[in-house]
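Look at the two complexes coming up: chain A is in both, with chain B in one and chain C in the other.
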Partner chain A sequence: MRFFLLLILSAFSMSAAAEVKEYTLTLRNHKFVPATLTIPANTKVKLLVVNEDATPEEFESHELNREKIVTGKGRITVYVGPLKPGKYPFFGEFHMDTAQGVLIAK
Partner chain B sequence: MNNKNIARLPLSLLALSIGLLASSAALAGPADKVYSPVVEKGETEFELRSGYRDFNNSDDEYASVFAIGYGVTNNWMTELVVEYEGETGQGGKMEAVEWENIVVLTEQGKHWVDVGLLLEYEHTFADGPDELKVGPMFMKDFSRTIANLNLILERKIGSGASSDIDVGYNWQVKWRGNEALEWGLQGFGGAGALDDLFEGDDHSAGPALFGVKRLASGDKIGYDAALLAGLNADAPDLTFRVSLEYEMY
Partner chain C sequence: MLATLLLVFREVLEAALIVSIVAAATRGVSGRGAWIGGGLALGVVGAVLVAVFAGGIADAMSGMGQEWFNAIVLLAAVVMIGWHVVWMSRHGRELSLHMKSVGSAVSAGSRPMTALLVVVALAVLREGSEIVLFGYGLLAGGSSVASLAFGGLLGLAIGVALGFALYFGLLKIPMRHFFSATNGLLVLLAAGLASTAAGKLVQADALPTLVDTLWDSSWLLTDDSLTGHTLHILVGYTAQPSGIQMLFYAVTVAVLLVGTRFFSHPVSKPAASSPQALA
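Showing the complex of A and B:
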């Protein structure tokens, strides 16, 4: 049991010290702006997803193992990485025909 | 409440929950699952899980559970579960109703490991005490691999309850590839009573399949299935478990 408590404490303390760079993705007319976002590889980053539309959207990426609802006119934060260099597609699940984007880690 | 106190809150909740279990039987059931500390506000889940355990020296066991869950906040999902169990030769029956809660303690990806808490109360329809289960759950991404670990402490409550706390665990490793069909490993087991760990313990592990199918409506159907081999004498020889989940927002 002590091991798990220590594990949890370590998880909190390790991340508290790190400074995470923030990037913004805007949902406008059910499209991501920018649709292509370049981030540093092997570095954790924070995505601020701002929904300017009145309807909710779900930020989702199988490659990033993330799915999170952003309400209409709402905003969410999504932590991703550290990612190996490459392309990581993401989409808005409620408007998949238009809400498409890709993170490029390099 | 200032920021420092807010940061301490998840740890306090965890410590309090573990402390509540001051005193504990085989934990793993045929229809168990591996929990993840991820919850989406406003999402409704319908889940059907079934399993069959083949024992060499006793009757085989089977169980099915049906659950309806709702993401109340981005940190709390609550679920109502009904459980049907049986043994070969004796028939099955409605065994219990459970109130299951997942509390997310860390924002996904923010820390080195994602942490959540399982809180479950089970009322049995059979004669005997009810059960309280509490335990932390962990999730960690390693590139395209996702590892989950659940630690579960169980204490009987009510008339005839023993003072033991049983310790169980579930784990899985999943390799992300084609989301419709992915593969990995799962393991389930019990480590015995907290005061007498690894007495009467049982451990099972084996290959697992996972997948998600997206519907045009935005809803999702997810599944996972595993074939588990018993790793010691007290474990069932073979367990087959399958889970089907429908998610809608």
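Showing the complex of A and C:
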């Protein structure tokens, strides 16, 4: 049990200490700009989702296990990865007909 | 309109299924309608408040407030369900015996109905706040009130109908198995909520995933399919779970099973003490 806690704590401190690269996704007219974003695989990155629309949106991805509301004119930070190389679709749940995008890890 | 219907349906379904399990689990309790109704009403008020303060919640905890808020709401529901499950393991048998012999309602007595009221309220709060934000966005974006109301009410009606279907399905379970069945469902529900909470804390960067993707069953059942979504609500299914989610799930099931064993036979000492070896 103690060993296990140590394992969690060390993993936590490592993840907190690592320098992470930042990428920006902008929501404009309920579309993601860019709709395709390439990030390095096998490393944690920080996604900044900036909502330029006046209405709220929910950034969501089943493949990334992420779900987060961004208010109108608001911005959120979403950490993703380390990801295996591949394609990870994401969408805006409040405007699913337009707000679609894909993250490419390579 | 279709987008509104689908979103409202998805959110309502989650709350409706949880409420129907709670409603079934409180079968025969007099005045349970008021408890559940109270939970629904509190949930709706909470949903509006959460939506109004969404910006403030999101900015808290260095931008990770939303994750922490959701995780706390989910874990609070887990604790409340756990309390009820352990309580029922002690009193469930006498309750079903009583209901079989008398065929009438029993008074809530010392039963932790407050716990289930909180579970109902939190389920509605979580799902309802998204509907409020979505609806506000559509109205602010110039959508017509009529199309929003029509889609929303239709989505609400379908979600509630499925909740009732589950409820009446559960009532068909024979009385002598009834409370074990609803208790089992509550354990799986709690485990699923705990796993979702773990996911939120990973997203908040507060917990490691341990294993990023334990398995990928999206080829079989995706999260956004109706079956996948329903199973996600009921038993916590997710196509690509992380290691920490599985750990939260397993620990919740283990704690509740040990808890029910431990408390269900207060007189037989050897049987009650054996699960301690696991802890």
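Here, the second predicted complex is superposed on the first by the 95 of 106 C-alpha atoms of A that agree within 3 Å, B and C clash if a C-alpha of one lies under 4 Å from a C-alpha of the other, contacts with A are read in each partner's own complex, and residues count from 1 in each chain.
By our rule, contacts are C-beta pairs under 8 Å (C-beta built on N, C-alpha and C of every residue); 3 or more make two chains touch, one makes a residue touch a chain.
The shown structure was predicted, so the numbers you read here are calculated from the model rather than taken from an experiment.
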{"item": "First (chain B), second (chain C), both or neither touched by A:39", "value": "neither"}
{"item": "Touching partner for A:54 - first (chain B), second (chain C), both, neither", "value": "second"}
{"item": "Touching partner for A:103 - first (chain B), second (chain C), both, neither", "value": "neither"}
{"item": "Partner chain in contact with A:65 - chain B first, chain C second, else both or neither", "value": "both"}
{"item": "Which of chain B and chain C A:93 touches, first, second, both or neither", "value": "both"}
{"item": "First (chain B), second (chain C), both or neither touched by A:77", "value": "both"}
{"item": "Partner chain(s) touched by A:25 [first = chain B, second = chain C, both, neither]", "value": "neither"}
{"item": "Interface residues of chain A shared between complexes with chain B and chain C", "value": "8, 11-12, 15-16, 56, 58, 62-63, 65-69, 77-79, 84, 93-94"}
{"item": "Of chain B, residues touching chain A in the complex", "value": "7, 11, 14-15, 18, 38, 40-43, 74, 105-113, 115, 136, 138, 141, 143, 146, 151, 176, 179, 212, 214, 218, 249"}
{"item": "Residue ranges of chain A touching chain C (in the complex, touch as defined)", "value": "8, 11-12, 15-16, 53-58, 62-63, 65-72, 74, 76-79, 82-84, 93-97"}
{"item": "Chain B-touching residues of chain A, taken from the complex the two chains share", "value": "1, 4-5, 7-12, 14-16, 44, 56, 58, 62-63, 65-69, 77-81, 84, 93-94"}
{"item": "Touch list for chain C against partner chain A, complex", "value": "3, 6-7, 54-55, 58, 63-64, 66-67, 130, 133-134, 136-138, 140-141, 199, 202-203, 205-208, 210, 212, 218, 222-224, 238-240, 242"}
